[in-house]
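I'd like to ask you about the structure that follows.
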Amino acid sequence: MQMTRDLRIVSVQEWREAAEGTVSVRGLSAWYGRHRALTDVSLEVRPRSVTALIGPSGCGKSTLLRCLNRMHEVVLGATVSGQVLLEDEDVYGSGVDPVSVRRRVGMVFQQPNPFPTMSIYDNVAAGLRLAGTRNRGVLDGKVEQALRQAALWDEVKDKLRKPGTALSGGQQQRLCIARALAVDPEVLLMDEPASALDPVATARIEELMVELKRDYTVVVVTHNMQQAARVSDYTAFLLSEDGGGGALVEYGETRQVFEEPRDERTRDYVTGRL
Amino acid sequence: MISTYRRRKLANMLMLSLLGAAALVAVVPLIAVAAYVVLEGAGAINLDFFTQLPSPAGEAGGGMGNAVVGTLELVAIASALATPTGVMAGIYLAQQGRGTRLGPLVRLLSDVLNGVPTIVVGLFVYGLLVLTTGSFSALAGGVALGVIMLPVIARTTEEAVLQVPSSVREAALALGLPEWRATLRVVLPTARSGILTGVILGVARISGETAPLLFTAFGNSFWSLDPTKPIASLPVQIYNFATGPYESWHRQAWGAALVLMTMVLALNLAARWLSRSR
Amino acid sequence: MARELRTGMLPPRVRRASINWGDRAFHGITTGFALLIAALVALLVLELATESVPALSRFGPGFLASTSWNPVTGEFGALPFIYGTLATSALALALAWPIGVGAAAFLTELAPRFVRSILGTMVEMLAAVPSVVYGLWGVFVLVPLLRERVEPWLIERLGVLPVFSGPPFGLGVFAAGLLLAVMILPTLASVSREAMSAVPRGQREALLALGATRWEVIRAVVLAQARSGLVAATVLALGRALGETMATVMVIGNSPSINVSIFAPASTMASVIANDFNEATGLQKAVLLELGLILLVVSLAVNTAARLMAARSTR
């Protein structure tokens, strides 16, 4: 099906590489108890790009994000229907362990949340260690690599034994990004990763997102439209109308969504009229 | 009008003073008990008290070394039984039990168990372990104290686990950790000081218990560490000596009370300090 | 795709069971330990019921109403101990309630911060003092004081009332009630404090702004809204008083008799178990176990009621 759509792909191996990190959402609805938070959302996330989810608060953008790595169901009473395909596997298929989904789809939260009882090093190594990596050399290498990718290495290389909570807010958030990257995910989800940070720290996180899309598929939730316009390649606009669950209104290249929105509601929102 | 206003003012003054007086009266017993225990007990405390056996009936001197050791052994047995059990049950109450019907029931039963008279727990363990083995034992005493300690640890663990921000747990889950590893490796270490507070409170609660030991650990006039044999303890020794006829016993009882009360109050203050400095 | 796409308006059924084997095992283990607590409560009742069968079958329900207590002839009744338990608990509640609730109101509503923390800690420390230490203090300090000063004084002035009549023993219902009052004070004070602190600040301010005095605010807002919490505190304190053993056995005089005077010696269910169990044999042991069973059932009922009320009052 993918093959016929893209004729440039010639071998199975190339096809696999191109598909790594694709996320297809199909007919996804989500609930908290009886309350519907998301209604029938379908979209294809392009690999190795930054996709921004925007919309007014309560539109379901964070819920959509949390459905992508099955973190939604961590909340008591939360349920989902529909499909999320990671490459070609439905993460909600029967027999799929959410644990294995989350290893492939990393997540960074709104509030920096390093593990309070662990050092900087242990925070980054946590995912690997708990998956069974014991070799010191391997761990050292992965920790350094992840911290470099998160642009934090130079600031912390001399204090890896200090607690992660001793860092500044912006550094903590980059530590959390490093922690997520250390387990080699294919997709990185970011839930308003800069909303708790000052402008300088925010700028560093934004630079980082652009860097990261070389290796990862990045999906970011933001309430800041300038940020979405600055960092993302694709933008999805969600809206919850008359108290129902949030629905997808428009999805396309970021430039198009901001400059030539097809839907009137999108135009109202991106021009600040909603 | 004015008279109403004055009457209300007067009633206000009177009632507020009564409330203040109630608060003062409430602390008088603590001061009175503590003062007597210190004054009467200090004289009995010396090295012999901690190293010697009780002297024969009516004779001066001697100590309560065996009861001090016995209390420590009983508390150790109880803690070893109740801590892992209580922590696991507490995790259940805080996590897996949420949104189920069993969770609230267990929470209620845990609180109810906490309110069961300790003498009844003593009778229960007497039937369970003393009758079946045919002997009073340190183990039976430890089990009885463990039953009393269990709900304290379960409920404080539940509270400590609930205090861990959900963001910490979610970060662990999002990293691809299974629930059980996230709980044991990330959530529990974060809740550590809260759980420790619970264990300390549990130890404080049981180390002064007497009634559950009367028919389980019984008592012993000699040194013993054997968990299958009867064992002496400070609270039971206080009871036996205080109700006995000899002046020297009474002095020893006050001394034991001083040791016990110092220990229990110190544990309680430590728990408070720990929970505040979190 | 095995599952069809569902886009209905209603949420799908919640899937609770994890498919991770480690999670399943962990879930099973924690559930097992939680069930252990439930099993312990059930086992308590079962064990005491089984052990007291000889007494249950011999005396039946008449046991509760009989006053005989004769180990030689094998005639036993629970009434003196039920009376002793109720009398000491009622006396303790009557003495401790106004002080505990008053102290709680003072600490939540009036006390400056540092006074609140010092007095609050001291009241809570009252709960930490081992009951046998209260008993010791009762035997050597309280009982002589009652026998030589307080009881003669009360008998001289109020002796016409049967409740305050008779010789001053020192040991007896009065001494036990006083000690129990001290021991339930922290329960009353701390549960009441919780209930009072749960009353929203804005409500107090609303009434103050209408020109009410502090006392009027306490009475009309704080005490009124904390009422179910205060009831829970009372019931919990009652539960503690009913089952308290060591302090009681040391000062109550241990006599299986019913007297109108509060200065007379008596026995409670808990105290007679503590006092007689190790010497008892055969039927008497079963009788004491039955008293334990009664105590257990009453405490289960009282505590369940109190917890349910407390849960409702702070919700």
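For clarity, chains are labelled A, B and C in written order, and residue numbers in each chain start from 1.
In this text, a contact is a pair of C-beta atoms (placed from the backbone, for glycine too) under 8 Å apart; a residue touches a chain by one contact, two chains touch by 3 or more.
A quick note: this is a predicted structure, and the numbers were derived from the prediction, not measured.
Peer 1: Measuring from CA centroids, which chain ends up nearest the centre of the complete protein set?
Peer 2: Taking the mean of all protein C-alpha atoms as reference, the closest chain is B.
Peer 1: Name the chain pair with more contacting C-beta pairs, choosing from B-C and A-C.
Peer 2: Greater number of contacting C-beta pairs: B-C.
Peer 1: Centroid from C-alpha atoms only, then distance chain A to chain B, rounded to Å. What do you get?
Peer 2: Chain centres of chain A and chain B, defined by C-alpha means, are spaced 49 Å apart.
Peer 1: Take the average of all CA coordinates in chain B, do the same for chain C, and state the distance between these two points in whole angstrom.
Peer 2: 16
Peer 1: CA centre of chain A versus CA centre of chain C: separation in Å?
Peer 2: Each chain's C-alpha centroid was found; their separation is 54 Å.
Peer 1: Mind pulling the chain C residues that touch 2 or more other chains?
Peer 2: 18, 20, in rising order.
Peer 1: Can you list the residues of chain B that touch 2 or more other chains?
Peer 2: Where chain B meets two or more other chains at a single residue, that happens at 178, 181.
Peer 1: Give me the residue numbers in chain A that touch at least two other chains, ranges are fine.
Peer 2: 77, 99
Peer 1: Name, in rising order, each residue of chain B that touches chain A in their complex.
Peer 2: Those in contact with chain A are residues 98-99, 165, 167-178, 181, 185-186, 189-190, 192.
Peer 1: Of all residues in chain A, which touch chain B in the complex?
Peer 2: Spelled out, the residues of chain A in touch with chain B are 69, 71, 74, 76-77, 99-104, 106-107, 109, 111, 113-118, 126-127, 130-131, 176, 179-180, 183.
Peer 1: So in the complex, the part of chain A that touches chain C is made up of which residues?
Peer 2: It comes out as residues 26-27, 29, 31, 33-34, 36, 39-40, 73, 77, 79-83, 90, 92-99.
Peer 1: Quick check on the complex: what are the chain C residues that touch chain A?
Peer 2: Those in contact with chain A are residues 1-3, 5-9, 11-15, 18-20.
Peer 1: Please name which positions on chain B make contact with chain C in the complex.
Peer 2: Per the touch definition, chain B meets chain C at residues 8-9, 11-12, 15-16, 18-23, 25-27, 29-30, 32-33, 36-37, 40, 85, 88-89, 91-93, 95-97, 102-103, 105-106, 108-121, 123-124, 127-128, 147, 150-151, 154, 178-181, 183, 204, 207-211, 214-215, 218, 235, 238-239, 242-243, 250, 253-254, 257, 260-261, 264-265, 267-268, 272.
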